Every structure is written in C-alpha cells, then in structure tokens.
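First comes the structure, then the notes that go with it.
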Amino acid sequence: MFTYTLRRLAFAVPTVLVISLIVFLMLDMAPGDPTGSLPLTIPLEVREQIRQALGLGDPVLVRYFKWLHMMVIIEPSHMLANATGWNIAIEGPRILSWQTRSPVGDIIVQRIPQTLWVVGLGYLFGILIAVPIGVISAYKQYSWFDQTGTFISMVGFSVPTFFTGVVFILIFSVWLGWFPSMYDTTHRVRDWDSFLFQVRQIAMPVAVLALFNASQISRFMRASMLDNLNQDYVRTARAKGLMERTVLLVHVLRNSMIPVVTVIAIGIPTVFTGAIITEQIFRVNGLGDALIRAIYVSDWPMVQTITFIFAILIVLFNLIADVLYGILDPRIRYE
Amino acid sequence: DERTRGSSGHLNVIYWQAVSTMNPFLSGGTKEMNASSIVLEPLARFDNMGELVPWLVDELPTLENGGVSEDLKTITWKLTDGLLWSDGTDVTSADVVFTYEYCTHPEGGCSYRDRFAGIESVEAVDDLTIKITFEDATPNPYLPFVGAGSPIIQQAQFADCMGARAPECTDANFAPVGTGPYTVADFRPNDVIQFVANEHYRVPTQPYFESITWAGGGDATGAARAVFQTGEMDYAWNLQLAPEVIEQMEAGGRGQLLVDFGPLMERIEINFTDPSPSLPEGERATRQHPHPILSDIRVREALSRAIDRELLTEIGFGPMGQPTCNFIVAPPAMASPNNDNCLVQDMDRANELLDEAGWERGADGIRSKDGMRLELLFQTSTNAVRQDFQALIQQWWREIGIDTRLRNVDAGVFFGSDPGSNDTYLKFYADVQMYASLFEGTDPTPHLEQRRCGREPQPSTQWQGQNINRYCNEEYDALWAELNREPDPDRRQELVIALNDMFVQDYAHLPLVARGRVSAAANTVGGLVLNVWDSEHWNQAEWYRIAD
Amino acid sequence: MPDGALPVLDVRNLKTVFRTRAGEIHAVNSVSFQLRPGELLGVVGESGSGKSVTMMSLIGLLPSPPAEVRDGNVMLGDKDLLKIGEDGLRAIRGRDVGFVFQDPMTSLNPVFTVGFQIMEPLRRHMGMDKARARKRAVELLELVGIPDAERRLKDFPHQFSGGMRQRVMIAIALACDPKVLIADEPTTALDVTIQAQIIELVKGLREKLGMAIIWITHDLGVIAGIADRVMVMYGGQVAEHGPVREVFANPAHPYTRALLKTVPKLREPRADKLRVIEGQPPMLGAHPTACPFRARCEHAFERCARENPPRREIGAGHDVACWWDHRTGEPV
Amino acid sequence: MSVPRKKLLEVRDLKMHFPITGGLLRRQVGAVKAVDGVSFDIYEGETLGIVGESGCGKSTCGRAVLRLYDITSGSIKIDGTEIGTMGQSALRRMRPKMQMVFQDPQACLNPRMTVAGIIAEPLEEHGKLSGKKRLERVYELMDAVGLNRNFANRYPHAFSGGQRQRIGIARALALNPRFIVCDEPIAALDVSIQAQVVNLLEKLQDEFGLTYMFISHDLSMVKHIADRVAVMYLGRIVELAERDELYERPLHPYTEALMSAVPEPDPAIEAKVERIILRGDVPSPSNPPKGCNFSTRCPKVMDICRKLDPEYREARPGHFVACHLHDAGIMNNEPSAGTTGATPRNEHKQQGEDA
Amino acid sequence: MSETAPAPAAEDVHDLRPPRNQWWDVWDQFKTHKGAMAGMIVFISILLFVFAGPWVWQVDPGLIDIRSRNQGSSWAHPMGTDQLGRDLLARMMYGGRVSVAVGLTAMLLGLVLGTLIGVLAGYFKLFDGPLMRVTDLFLALPLLPLLLILVTLFRDPLEGAFGQAMGVFALIVVAIAITSWMQTARIVRGDVLALKEREFVLAARSIGTPARRINTRHILPNVMSPIMVSATLGIASAIITESALSFLGLGFPPDFPTWGRILYDGRDWIEQYPARVVWPGVFISLTVLSVNFIGDGLRDALDPRIRGR
C-alpha cells in the first residue's frame, strides 16, 4: 500500500509538471497581452515598457521555470504564511496577475471561502441526497420510486445549470423575494441571524448544484447497489436471518460505497472547476469566476495558476481515490 | 433635517464588471477609475456640465489670473491650505510632483502617462505651489492633474513603488491613501471593495454615507435586477441592456435609470486603403493601395444613406442612445448642427448614388462594376448589440445592392494592439468596421488629431496609430494645426465644428449612435448627479439616503 | 434413526414459479420430502433441475419478484414456513436452518472480517454480547478445523483459500446449532482433494452434533459416500427417492439408471463406450402435464406424453415417478 | 508399447513463467511458475491425459504447447518441427496441424458470430476454398460433430452447452488437424451431457486418426479416454504412465491421494475405500516450496524432500515419476543409505512424529 | 443457469429462417424498454424538426422583420420572434441543426479517438503504458478551463482558415472531442483487456487469425455496447458543453443560431418573453434526456446477458 502510494505519487509529479508546461506554453501562444485592456491612447513604447515590467522579455522556457519556481515554492509559502500567521513566507518575486497587478496567490486564497461554501456545500448536499435515492432506487428496482428517481435524475442531469439558475432567480428572488439574487462575499457568519442570511444567500446556488451533482451520484450509487444486490454474499447474509435493513445498510451499502466513494473523491476537484457557470449566475465570486474573468481579459498568469491548481487537485484526488479504494476494499493489495 | 457625516448609513454599489485595482495608473479601465475617484482626487475636475471646477485648489489657474503664462508654456497650481491625507498627514506640492514622477517613470507602465506628454518639468515652488512647464505652447494646459484620470497619490505611501516595483506594492495599490471622501477598508480584486468615510475629509459634514460596499461581478442584467427589482443594490453602473429589458425592469418601481450623453459614439469606420488579402503583407491596408470601392465618396454616402439610425438607436439603445451624424458629439457646444440630413434613411438617394457611381445591379440584386462585385467585409467586436446592428445594416445594404459579409472578433483581440494578429481594429483588414470610442475631458483636440495624415497604423509603426480609417486630407490637417494653436475658446469651438463637418461630410466614417452613460440608482438615494465628463462618483461625498 | 421419528422438516407439494419477461418458469413442481432428525438427505439432478430453488423456497431466500411460491406446506417442527411471513422466516434462518452455498469465493462478504461474519448470527439470534460471540466464533472455527482460530478471526475472506472459506461458511451455518443444515453444492467449486477434506469434516460434525442435513450435488459419488437417503430431481420434480444403497443398487427411474451408467467409474474396469443420455434438459415453460424426461427416455411410451407420473412407492421408503416398471420392463 | 510408435509431439523441459511486476518502478519482482519444466511425448494417434488440481498449470501447459503463449524456455517439436522458438507468422502456417478445444463452451465462441461464421473462420484464414465450397465444408463438419445443418445461421447463445462444445470441436476440426489439445472440454457440462461429448471425441479420433492431449481434473473421465496419463502438481509432472499402470499402481503419493479422493457413485464401494486426506492447500506457484513441491502436503514426506528437488525419472518401463521414494538409491540399497547421503525412511518417520 | 433455458426444444425442428441480422435482436430487446422507446421517438422527432423542419417551415432564420419584433406565438411565428423580428421557430430549427451536428460530430470524433486509443492500449501491451499515461494526462487536465482556453486561443485563426461558421464549428467540435475521449478509451481498454483473455480470442489466435482481424472481428463487435453507451452520453454532454460555451460567450457568434446561443441571448428577456429561453432550454433538455434514455435502453439491449433472458 505504501509503495503503491509512493509510486502513484512518483507518477503524479511528472504528470503535473507536464500539464503545467502544456498550459504554460499554450497560453504563451495566446494572442492577448497584458496591455490589451489599457486605453487606446497609451503609446506603443509605454505598452512595451509595461510588458517588460511584467517580465515578458525573457525566452519562454526561462519564464516557465521562473513561473514554476514561484508557483511551487514562493506562492505556497505565502499562502501558508497567510493561513497560519507564521512568518515563513519566502522572499522573492511572486506571480502577478496582469489585470490586478497583485499576487495571484492572494486572490486565490481570498476566493476559496465562497467557493467552499457554495460549491462545496452543493457537492455535499448532492451526495447526501444521492446516496439514499440511489440505495432505494436499486433496492426497489423498477418500482415507481425508482422510475421517478431515474427520471428526475436524468432531468437534473440534462437541464443545464444556467437554465435552472436563471429560472431559480426569477422565481425565488424576483417573484417571491425569498433569497438574494447576489451572493455577498463579505458576509461573515457571527450569530444566528447572520447565519440565517448566509443560508438564504447560498440556498439557490447550492440547490442548483446539489440537484446536478445528486443526479450524477445517485446514478452511480444505484448501479453500484444493483451490482452488489445480486452478489452471493447478500444471499448468505439473508440466510443468516439478518434483518433486511442490516443486509442492505451494512452488507450491501458498504460494498457499494467503495466505487462510489472513489467517484465522489474524483469529483471533488470539480467543486472548483465545474461550477464556473453557477458562480457566474449567482455572482458568487469564487475560483471559477476568477478563472473565467481572467480568460476574458487575457490575464494569463492568473489562468495559468488557477489551471495548474486545478490540475494538481485532479491529480491529487485521483490519487486519493485510488488510495481510498485500497483502504476500503480489503481485497485490493497494491504491491 | 440636518445631514452629517455618516448619517445616511450604508450604500450598496454594484459594478457588474468588477474592479481589479484601486490604483488607476495601473489599470486604465473606467471601472477602476470610477472606484478610485472616491479616494484619490485630482487638482481640478469637470462637473456634470463639462465645466472645469477647482477641487484640491482654491481657484483654477487661467491666463487672466496669471496661473497660465502668456506663452502658454507654464501653468501654476496652488493647493488649498490645510488639506489632509486620509492618514492625517498634510498634502503638499511634493506629493503632486511625486505623482508626476511616478507616472512618468520609464519602467512603471503608467496607464495615464499620456496626460503628462509634452511636459518639460513639474516643480514644487513651495509647499503648496506646483509649476508645470510644457515643452511647447499648450493652449489647453488642463490635462495633467485634472479629471478622474489624473489624481494625486501620496508620496509617503508610494515612494518605494517607483518604476518596475509599481505592481508589487499591492497594499498601496489596493488601498491608496487619498484625499477623497472615502478610504478603502477592504479590497478584494475583481470582487468587492469596502469603503468607509474618510475622517480627515475636508468638508466636515461629508460624506453622508458612512460606508459603501462596492460589489463586483455577475452580469448587467443581474445588476439592473438588483436595483430595479429586488432592491438589493442602490446604484448600478453601466447597464448596457436591451431597451425593452430595462424598461420592463424599471417598471419594478424601486429605482430609476440615469442617462447622460458624453463623447461616446458608435460608428462605422470606412477603410480608405485596400485590405485585399491578395496584396503582399506589408502593403495590405496601407496608403500605398487606395480602396478600390470606398475611395469613391458616392459609395460612402450611399452606405450612410441606407442606414436607419433612428431604428438602430431604438433597437440597440432606446433612451440610452441618440442617433447622430457627427464625429464630435459632445460637449453640446462643440456638436455641429449642420449634419442632421443623415438621420433619415433614404434608400432612393442611396441607390441613385450607386447608379451614378457606375455600380449596376446584377441578376442577384448585387451591383457590380467592371467585373467587380460590390462586396464588403464588415467586422466588429463580439457583442450582442453590435451583432444586431450588423444584421440590420447588412440587410439594408443588401437592399441597395451591396453584398456584405459579416465578421466578428473577440473584443480582447479586436481592441488589442498585438501587431501579430490580423484581427485588430488597428490593422483593419476589412472594408468597414464598427466600434465606439470617446475622448477624455471636454477638449476634442487630441481626438480630432487622430485623423491627421501620417497617423495611420502602418507596418513601420508596428501597426500602432489612431487614424484608423487612414483618412488623409491636407485641408483637414491644416485646420487642425490652427486649432492646436488657438487659445480663444469661441474660435476653438468654431474650428472644432469645421473639422467635424469636413470629416463627416467626406463620409470618412459613418456616425451611428451617440451612446449615453447609463446607470441605475435606487429611489432612496439622493444627491447623485450623473457626470459624463469625469467619474460618475465625482460628487460621492454628497450622496445621501432619502428618508421615507 | 428410527423410521418412525417425527420429521424435522416436512415438505409437501412445493411449487415455485419464476415470472420473467419471457413468461413463467415452473422451476419446482409438487416436490415433497421429509427430513428426519440426524439424517443426511442427498439431492442430485442435473443443472437446472430445481435443486437450489427447492431449498431456497423453503426459507424464502428467493428474490421475489420474480420468484413466487405458489403452493405447498413446509413444516419445520410445528411451524409452516410458508405461512409465518418474512419476519418469522428471518428468525428461522440462521438459527433453525443453516445454509452453505456452492461458491465459497463469493458467498462471504469481502469487506468484513471473517470474525464479524461468524458473530453476526450469534448476536442476532442468540443475543450474545460481543465477547461471548467472539468466544463462540473461535470455538466454531476450531470446530471446522481452522488452525490459529483466534488470530484468523481478524482476517478478511480473501486471505483464506477456497477450502478454508468453505469451512468458514460451514462455521457460520452451524453457529446457532441449527436443526437443519442445507448445503447447496458445497464442494462443487473445490478440488477433489479439498472436497475430500470437506466431506470428511461434515461426516465428523454430523456425528458430533447430530443435525439433519440436506446435501445438494450433481456428483453421484459424493452422495454415495455420505447420504442416508437420496432424492433424484429432474425437470423440477422428484424423479426417484429412497435409501441411498437401495437407489444405487436398484435404480427405478430411467433417468437414474441412465445417469448411473453414463458416469465412468474410477475403481471399475474401463467400459469401451460411455452410455449417453441423448437430448437436452427440458424447458420449464409451463406446468408439466407430461413426464419431463419423456423426450430423452428410452422406455417412453404414449402415456408418458399424456400424463405426468405420480410418485409411487416401490419399496421401503423408495418411490419413483414413472409409468414404467423397472422390474418388469413393462408399463405399470 | 512394444511396437515402436511414432512420436508426434516431443516436449522437453517446457517452462512458462508469468512475470509478476511490482515495486516503485513496476519491475519484475517474481514469476508465477505456471509450468516449470515439464517433458513428455505424445505418440501418433494416442490420447495423453493430463490431470491435476486447479491452478497446477494444466491449461498453461496445453496452451504453451500450441504456442498460444511465448514460452519461457524449453523445446516443443511437433512432427519433428521445432516450434518452441518459431515466430508468429511462421507459426500461422503450422496452425492447421494443431488445434484446441476449450473448457468453457460459452466463452470460447464469439457471441456475435453465427455458427457458420465461427466454423468457417479457420477456413477463411488458411483455406483456399471458395465461398460455396467453404459452406459445404462447414456443413460437413457440422454433420461430423452431430449438429443439425439448419442451425448454421444461429448464434451461440441459442445453443445448449453440449451443442456449443460441438461447435467448438467442429471449428477445431476444420483444418484437418493431427493434434488437438482438449482443455477440460467437459468440465462445464452437465454429467448427462459429458458422455455425449466424450463419445464424440472418441469417435472423431477413430475416424480421423487424431492425437489428443486431454486435460481434465476428472480422473474417472481421463481413465476412460486416455491411453497414457500425466499427473501434474504445481507446474510439474509428478507422474506419467500408461493408464492402467497408473491407476492400478500409482507410485507418487500425490497420485495416490488424488485417486483416493475421488468419490465413487456406489455406496458399497464408498463404504470401503480408505481415503488419504491431504492436509492444507496447494502452495502458490509464484512461491513454490523448497525441495519437492509436494513436500508441504505429502503424507510420506522425508527430510530430503524439503531440501532436494526429486528427479523425474523412469521408475518402471514407461512409468515416470518424480519422487524421492522412488529414487534408485533408496529402493535398492537401503542399508547403504547413510553412505549415499540420502535420508533413511525411519528417520523421516521419527521426525514426522516429532513434528 | 440461463444457459440451458434458450436451448432449442428439439433438434428436428427445421430452422430454415433466413439469416437474421443480430441487430434485429437488439432492436427487439430495445423495443421492450419503454423509456428508451420514448426517448427514441422524441429524438427522432427532434431530428426531423431540425433537419426536415426547414423544408416545411421555409422561413429564413436570419431574415429581419423589424416590424414584428418581440412577438409572442402567432400563426405567422409559432414560437414568436426575437428582438430583430427573426422567426424563432426557424432559428430553433437551424440552431438545432448546429447543436445536434456539434453533438453528433464531437461524439463521433471523441468516440473514434477513444476507441482507437482504447483498443491499441488494450490489445498491444507495448502501447499500453504510454497511451494510458497520455490518457491520465488528459484526464488530469481541467476540462472546462482547457476548453475555454482552446476556444479563446484558436477561434480566430480557425475562423480565418475555414470561414466563420466552419471555423467555430470545427474548433468547438474538436475541442469537445479532445477533451472527452478519455472515458471511452479507458472503458474500451478495460474491456479489450478482458476480452483479450477470453477464450474465443484465444481460439481465434489458435486458428492463426492475425491481430488486425482479431481486433476487427472479435474484439470490436464485443466492445460495441460500452461504445454505444459512451456515444449517447457523448452526444448529450457535447450539446450541453456547446451551450455552456455559448453561455460563457465563447461559443458560436451571435449571428449564428444554436440552441445554446439562442438561450444565452434570450436570458435577458426571460421575464417579458419567457418563450425565448423556454424553447431552447426545453429543446436542449429534451434532446439530452431522450439521448440518455436511448443510452439506457441500448445498454440493456446490447448486453447479451440481458438479451438472452
């Protein structure tokens, strides 16, 4: 198990590096430049100076390695220093956003709370809804519950979030006035009232995301349950005279969760990447929003960094999923 | 009832395009300029009528009061006594000089550096007096330190941020110390800003609002909805929405639409040079090859006549736009009254003109001459209103026998200055193109200068240059030179109108719609005066909450 | 085992049907048998003859739908298992009736330790606490001959070999001292040498614990070695039933006879050619109105296609369902 | 036996090891020694039975002989041609000579091809037959294995196990092979069907003069069909002899145990047989015990068995065995055992009791 | 157990039916799946609507009729008109063509790529390592961001090369395809690895069938069912991705109707003219939904275990 994890890690590092190189080179070919959004009146020399000031003069590989150095050493040290308050930040140039002229690391750190609140909760609720639905649908296969569940999850899966999102706003903010249509990122939960406000402001985006995630996960859950319900060991458990509940919730569920847990783990990075549209609609200025806006204004350092972080997350959670699989399933022995 | 500082409580502002930095010198965007304008202030600024008003000075320097030298080469500003920065320190002339040095540092990449073009020196004569010396006689010396684009920053704060280090001073850039009514309490780039009242603000009773949340993000529709329908926001900026949509939302009754017209104008530029891809690279779209079709003024006029500007305005802008036939549409005094004939669509005349020019209709309804079809490539940036315009204009031009191919380019690329890209509006590898542009302040002289011969983008200038349509007219150039020398306001006004008329009557470009600045304010906010010549928040200190 | 002893299990007229999309499958048709205390009843028959379905119907282990027990009585002591409902059955399963399935590789839950799985029925039926259940589990593992039982409780099924897993299955089935142990082809998936180990084990356990056992297999040899009585099934019905020596010595049903002849015998001289039963097993599409074996039967005559033969007694505890009399070679 | 017969297949020291990879860099860390040095001959027209427990390498051996695997080492001569090292394209030309019938009649037929397609595939690959002739040949083959010609257009799933196995046999026969490896062809079938298939195989052998390598774990069936029988244990042949010789006088303790474990469908005999119950399980072929492979379970184990690998030798004419019990030294010169270095039997017994 | 069930009752029954394509069996099974049949009917209707519709409803989707802008349903404009008076029904038809075409082509491309890589990696040990690393690499690339970047980077050059519509079409199709083939490749590889060890492949090898024909004759037909299922999911996700791109303003240009684009443009009008978002929204959802149901049915129908029952 340990060497297995080590080996996966050993493969993960080059994967991430290759990804970072691809992303870096690709964006390097991109037409946008840091002066693109400046007023038209700014003369050419000034533009050139601005470019030089942002370090665009070096050859591309030099810039890549500089960026990589900042990305893997300096930025993390600053993020850690910010998070812990320790004085461990390493001196040196940081990755600057072309648009805000500030370190991208700081912006990313700033955006994590709302991303987690909304997208994370959306995912969490999705799971919480999906698991029981999947279990019951599989147990009562072809019952009306199953059929309805299947239909709803298909619909949830098929209707794009930007459609549901707009409809939600119209109904719940404009017509009914229950929830704010805009997310307030500065809001802090301090007491019961502020907590209630937080609940109200995350209600719609979380609902949209939860619906979408639940549709997906419940399908997996159902399939996995169905696979396991037909296994011989279920019959054995019944032959022991166990309560149906025990059979289902102890024997079958435990086995069915193994693939689902890994699917869920692999899906966690989408918490950060997949909600770009939902974030836009509800004005939740999270990481997805940062990315898409950076793309609009050709703020490549920002795009590079966020993409790279996403890639690390994906690789990391794939790793975690594999390791989880090994932990959950005693049969798996990674030599 | 008596209003005092902070008595109005909290204000919510929504900018659907979020603010990325509080240092306008590092951004150049209108949104950044607006946000920073309530913190950082210039020596003088324009009011809502476009009149220059003293701001951090007691009076404007003029020829009359001797503030401007007779040879028009120097201007001397005298700061109001007792001004304090928001950190409580004194504002001195050294800060002003520093601002000049900061923005003109060769490695700094200051976005408003052109404001300081042609300056020989900026000196602090004494603690409160600043003397600016120009290289040449400058009839309009009110460019440096005037208007939202040229505010004063604090030397103490930015001393270590000169040149290449400018972007690294994140703390200073995100929370500059200023003289304005508010200071930054919390800044989150591209997300939200928290402002609180500046306790050292020079007017003791102001600002009335104690704090401001300046939210960013979402889209224009959401922003409008938040003011008009849900009442979550008090002020929303730049609501470029379809007129019906705005109208319908306004019916919500919680707020009102604010529109005012400045120099922003949507137009079609006509390429006077041949953009044909068959030409060798380097000669394409240069003055070496005049445009084979559009060099004929009759064709250009026909293009203009076929357009129904009223309809375009109604569809694209509604009350937020006005059909126009002028190059210089504002300030009102400078707008020419001589060109209103283009406001009415005249298909017959357009057809006639084309017939005269020798373009004859073929079987498919498209005209041709000497075996050449009357075919135009029409490009613009990707944007819903522009695409609607394109579709309409394409249809009208078809009716007069012109085949138009449409193209739209991502705004980032289109307005970018990358000489390597063939899709920039500067390169103009198309026959006609549509966009809007404006000028800062109230003086159109630099704007008119753009159309001077030799200023066109060309390979030798890395395709940089402002004479987008490669217009070249000696008469125009001569007239402009006169304007540039003329200090007398009335004469200047005449000259501007003459230049404008010369340009538009040559159908060198086709003005379409004068676009207003459109914002929305909740009915409960009072004191706001929309200003198109300066920051929309120029009088932020005076905004207050209307008690109900 | 006196013949007159009251049977622990008395099955009468059991009929089980599967409802599938393609129509009904009559898997078990009017099967009746009795199991006396301490007795080992062998059940043989080819694949699909309804052996497993019969036994699983008894204690409601068939998935329903599609399975449906249409008819019959299953008396366990004085309780009719078909009437006591799901809760009643649950109390019976694992306590009064233990079950061992064919494939030890898949019959144990892979994610729980062997100890947990043995302790489950103990805690459920005997109300034991963890410590007592654990002690009993160790005893059980030792009983079925797994060395180092204490330690192996913590192991997962995949850490055991096939033979040992089957022992664990037997330990689970024996946990609550059931009156009846049903073993559904417990050795088919195992090698001969391992099969011999298991058979030896069961023989020993039977002597020690004295419970009644039903042993399903299609290996006639296994039956010959351990069973007291044998029930031969064909096409969802009981074809022949009787004491094991009697049936092997005087098979009365043409199927039994043919079957005994087709199997080559290791300890007898080699025959030149194997006898075969031509044809294929029957489809169970409808309730049988004729003898299911008639198409492959060398003695079939017109009555066989007309009427399904009832079981008739031909000797002491020996009955057969056939219209043909093996002694006379004539129709009855 | 007395008449010298022609050897069709000569296998010498055949090894087939499957690599086990592991470690950080996925290096090979070991090998499953599925077949670990077996040698045997098969004579023209005879049937060699191979028996043994699950996982002892029977199938691997059969497949390796047909070169469906790239063997680790050893030599395989068929009809005098060495095929052990032959490349795949050269092998293709040899394929018509040697064919295989598989264990699982369901799995060995492509569910998406018709019966005719399946049987015709080898003809297409090798034949020069035209479409019509080919179909004719397919029908002939179907007749030969007793399949109704009308079934030619059906798919395998519409057949019973026995019928499917017939399709597999027909496919194997298509190219007129001389040698067929039957890898447990009856294991997946019902008892009542097994006899049908075995009889068919025998019939075809008579008709076409085929040579079989018949792999099975059913000793009774092997006794019926084979002329000579090899017993495999953990990748090795432990004993090989004429059928009757082997069944009547097994030499290897494993063979004895294996045969005693087979249940007899006759209660009278069953009551009498003395069973040798082996303890424990078959060791893993990736980690075989030191010395004799069977030493861990052998009821007659001696000290030497745990140290020395017994030699595979001809203990009696035509009867090969690999067991220290039958080492010439022990059998003949028991008294001088001490001097030869071999361990005397009684000593082993003492140790056995101690253990 | 079920193996014995379909055994022919008696061999003397003469089965002289002409050879029947096995797709008929698939179809027979498919027909019994109610959801799939409903999905099929809906999907075919949608196809008819978008591909045959324009012949029936011969209105130019680009025709501006400024006098009848922003209309509701009427006989002249059954779905109403947009802000330029363009007929929404015609636009839905033409837009559907593009959306469905994007879905189909992107799916096909992704499928071909995925299958090819899956088969190569699964069958040839040599390729397995490198190809799977590449697959992992692609899986580890964050897709939506990547797609966005691809679109921003290459749209203009491609538009230049292929013309506006084709350029964007090609770009979006390729971008979706190269970010979506990995799942198929993995599934196919897994199945091929398993199939390779199946006895019928071994049998083919024992006959001397060369690798190429083993793949085409034995392996590919047997991985059809996961491929078909991937295909249906692929169409659905491609359509959604295209509309998401449109939503983010990076899809097709505004004068080029696609469902995603129409929905995006109609968003602002949702209150006054809900039809402008409801129609495209409903069509996108219906298409995806129906294709998903078809996929469900196909999975059952192509699974011989289920079909045998």
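Order of writing sets the chain letters: A, B, C, D and E. Residues in each chain are counted from 1.
The rule we apply is simple: a residue touches a chain if its C-beta (ideal position, glycine included) is under 8 Å from a C-beta of that chain, and two chains touch if they have at least 3 such contacts.
Only a predicted model underlies this, so the values are computations on that prediction, with no experimental measurement involved.
**Q** Quick check on the contact network: minimum steps from subunit B to subunit D?
**A** The fewest touching-chain steps linking subunit B to subunit D number 2.
**Q** Quick one: point me to the chain whose Cα centre is farthest from that of subunit C.
**A** Looking at centroid distances, B is the chain farthest away.
**Q** Sort the chain pairs by how many C-beta pairs are in contact and tell me the top one.
**A** By number of C-beta pairs in contact, the leading chain pair is A-B.
**Q** Please tell me the distance, in whole Å, between the geometric centres of subunit A and subunit D computed from their C-alpha atoms.
**A** Centre separation, subunit A to subunit D: 56 Å.
**Q** Could you put a whole-Å number on the gap between the CA centroids of subunit B and subunit C?
**A** A distance of 91 Å separates the two centres.
**Q** Provide the C-alpha centroid distance between subunit C and subunit D, rounded to the nearest whole angstrom.
**A** 32
**Q** Compute the distance, rounded to whole Å, between the mean C-alpha positions of subunit B and subunit E.
**A** Chain centroid spacing, subunit B to subunit E, equals 47 Å.
**Q** Touching two or more other chains, which residues of subunit D qualify?
**A** 160, 163
**Q** Multi-chain contacts in subunit C: which residues touch at least two other chains?
**A** 47, 280-281
**Q** So which bits of subunit A are touching at least two other chains?
**A** 31-32, 174, 280, 296, 298 - these are the residues of subunit A that touch more than one other chain.
**Q** If we count contacts the way the header does, which residues on subunit A are in touch with subunit C in the complex?
**A** Touch residues, subunit A against subunit C: 231-233, 235-244, 246, 251, 254-255, 258, 328-331.
**Q** What part of subunit D is in contact with subunit C in the complex they form?
**A** Interface residues on the subunit D side: 53-54, 160, 162-163, 190-192, 194-196, 198-199, 202, 217, 219-221, 223-224, 243, 247, 257-270, 273, 275, 277-278, 281-282.
**Q** Note which residues of subunit C are touching subunit A in the complex, please.
**A** Listed in rising order, the residues are 59, 61, 86, 89-95, 98-99, 101, 103, 106-112, 120-121, 124-125, 156, 158, 169, 172-173.
**Q** Under the definition above, what is the set of subunit E residues touching subunit D in their complex?
**A** Of all residues in subunit E, those touching subunit D are 3-4, 6-8, 11, 13-20, 22, 198-200, 202-210, 213, 217-218, 221-222, 304, 307-308.
**Q** Applying the document's contact rule, which stretches of subunit D touch subunit E when the two form their complex?
**A** Residues of subunit D touching subunit E: 63, 66, 68, 91-93, 95-96, 99-100, 102-104, 106-114, 121-122, 125-126, 148, 150-151, 153-155, 157-161, 163, 168, 171, 175.
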